[in-house]
């Protein structure tokens, strides 16, 4: 396998690279196919899934690709992921199997240099991406009097393509539905990363909710401060942290419907002087920055390509 | 004017009482008309509004009613409310003008006895009803390490009947939209009531959001505790507080879509032992328990009627 | 079994009658339970279902009821329905098994007298109810140059409670989805009834669509006329046909969202003089007038009760 | 003004051309900006609108562009359109002012060669595009026994960006709402074009409906045939007519949610042998193929560019 080294960005006439997608029939897998269709250098070369007429899953066949994306249900990446690594393939896993204490955590805004040299990257969860990016500037400055209080809202695509009684349209319509109130799967990676950024243990409460919508996610954080801050301080912190980041937008009223199809995480933080708190809104498209888009961003970095290659699409709104 | 005294519940053959509705063309006003249509003893006798063919607003004409409901835009109740009181009429105001430091705060679960003898009742805001009922048991027990962290989600009827660019369907569709992040109108009444229940000042952060739905509201509270509790303690607190309350339901996963058309506030509280917190979900129909239904509940109490008269409808779901 | 005879409307002090519901865990079954909770004389006495903790289906046990409602998936009523009849019980079947050429077709506006003496009534399909009521006045007057052209739109509850890939929220969201374009199950009963009313064979095209909503249904009919008519003629026809009908409303722009929870079919017909056609809109709540409500209306007639007993609820809107 | 002639497709290194957008703040105008951002050769050079901080409308300033798009409310294009033509600018008007009997009707699948030499093109209405493309193969073959019966369903963006009581979210939610039952604005252009294709007058009934969604449109046509056809005949007709068309897709179950963001019109036609009819479904994104996308397709043809330039984006689904 040969691909451009990290220090040599791909030239405009570089040969295309091959991507494998295992789990191509789910929503995240389909989104990978959609995004790679417009990627200048990375081609979906091998598609595998358990259903819908694709070939069965076959690590050997996939291992010829320059990078393989695993978009399998949670818990199903372990065996195939390990096998692909042993076959010498670079892997980005969109599941949760390797995120905590395992592979390189694929959040470029926090771990770009590690990702650049990694062969195995665990793509962050959708809620976790919004939560961690929303709080990293405050955590890094040691300003948080933990735990942080996180409230998540997500469209139904976040729960995958398999229909279930809990996500049946009439059950969700005209309302909002809490679930996993004290123990969502993403909580561990949120605490791992925020603690790492803060340099000491930082806990979180996290209550996720299903919206009666398809795509898009918002995390609201209520954060107590260890010392008073004014709005200008907070604005400076966020600007300094995310200056030059291609996929973080700051300011305004973050709303996920404005980001449909984009790889952007849209963040704003307000000081609430009355209570000595900061309130943070962090929105993204759960299938793009929360899944397939961030996975491609990671693959671009791993393969030495332009980080934003294939990810510059404008949001579809309204 | 004569009506059954507080100590004499209306007999089954009691004569009907007359209700006036000022602001009958808005969503809350229309909901009053809908609910009173099935009320056994209270009849909508006088309807007034500024538009849609009703008579103009006329305090004198309305004052002949046994009770007058004001369902006007915020800020417009002051003059007519005061005028009606001077004319000797009992008034329930659904607006925010008299809620803080003014009239009797019309939350029966907290102030039933005061309401029974009041002539002027300020009906609570929709978010405030969910927030206060959700937290009163913890506040009363002195268990809250404030501020409390409140996250609100509401359907568009909560913003009224007047269309606006911010609530235009394509602007909200397929997402969720924060607003008034650090200064929503209901914050003052929430803090007033929680502090009163707690016996000392209790502050709150409150971030409201618009759902792309019509009716229904959920408030999520993240509450730090002053001492560790287990789930059984919390269950006991809530059961003790709301035992016998006709319109508070406990347990399960509160979801407003299950309450459409009902006067119920559905609450559950989970201990999160890892963080020493309690997480509370509190759902209701913003037009019923959050507006017209609670107003009728208050009027029933003021008029000495059965408190749940006209309010026993089952929710329309799915 | 004894119940009031057809010629003796139940007195106010009549003893309650017992209703059985077989298939109580589906959406139509749950709606029967909801509506009967407010019925003055008919009580849900026996609930049976295959799941969710109810007793298993048992014709013998159900047969003690004054009337049994079958709310089973299509194709599953035949055996139990026949068994109940043999046991001497009156039955209203909400499925499609007996609608064509079988039991009495339970549309009171067309067959009230037959229903009054029937022991076995087939409750019409939801689309069929809207289509037939929408066109009966024109068909009866022999004015239709067939086939009629019917376009149906329904919320997802019309497809039942079982989740499926086709009704998964993300598949339907932000669009409208045609299905069964040339052969929907309701077509046969629509043609049977319209032909019967017209006195000669009348065919129909019918294209149903799934809306990304929960409840409510609209059928649009495009009808060519055998002779020119003006609007006053058509208005007269509809008024004459439905004069005194408690559950047919005429005029305006029929929209199912205004009828949520009601037993009303809302119809309007417009003459399109340019093309010699009439355009008809016919809206209803698919779970009420299109299922459980009409079933109770039929049972009321069969049991000699007030036809509208338990069915006078106002719509929940917005 | 100089631009590539019709007979010389733009070379890859062609200089960019300048587009003006008048009415840039509406939904169609914003969609033009979004699409042109990815156009290889056409740049949004002049943006004008009456509000939101853009410059006021100024024909002189806009006339320096290679092409000007008018995306104004209906009725407001006449003066500025005529003025721009007199100044020598090519114009594509997205309004309805010039569609009937006026400028070249900008439907490339019917009028490609006229568009190629036109200086003034009237972009078709959104419903009209779906209806005409859906029926042109049958009309051209003389197979239609008119009138045709058209049933339209559209998201709220089709009604523009100005909020109104009729499109207020709570009024539309959980339903479907008919409007303009006998006289929608698009009827005239539909009949003009179908008659032209058929070679004789062809009338239509057309009932449009508002969906409680944002984007996307479906037209269902019920068509009586002058002679029996089988499915293979109809399939052949449609394939022959649209062979090689870049933006017409045939087959399956057309559903607008699958086309969000694309310039595709998705059509299928089913023979209904029982009634001697054909049933046609025709779906598109009302803001793209029904507005901004088709306008760019027209401009591409007028300017001698690749017809699909800037229009190859994949749909965003789910």
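General observations
Residue numbering begins at 1 within each chain, and the chains themselves are lettered A, B, C and D in the order written.
Just so we're on the same page, contacts are C-beta pairs under 8 Å (C-beta built on N, C-alpha and C of every residue); 3 or more make two chains touch, one makes a residue touch a chain.
These figures come from a predicted structure and were not determined experimentally.
Shared contact partners of chain B and chain C, listed by label: A, D.
Between A-B and B-D, more C-beta contact pairs are found at A-B.
Taking each chain's centre as the average of its CA atoms, chain A and chain D sit 37 Å apart.
If each chain is reduced to the centroid of its CA atoms, chain B and chain D end up 48 Å from each other. Between the Cα centres of chain A and chain B there is a gap of 39 Å. Across the assembly, chain C contributes residues 27, 155, 157, 170, 172-174, 212-215, 260, 318 that each touch 2 or more other chains. Residues 147, 149, 151, 153, 155, 170-179, 181-182, 203-205, 207, 209, 211-216, 218, 220, 222, 224, 253-258, 260, 270-272, 274-275, 277, 279, 281, 283, 318 of chain B are the ones touching chain A in the complex.
Within the complex formed with chain D, the chain A residues making contact are 27, 34, 37-38, 157, 173-174, 214-215, 260-261, 313-314, 316, 318.
Residue ranges of chain D in contact with chain B, taken from their complex: 27, 155-157, 161, 163-165, 167-170, 172-174, 212-215.
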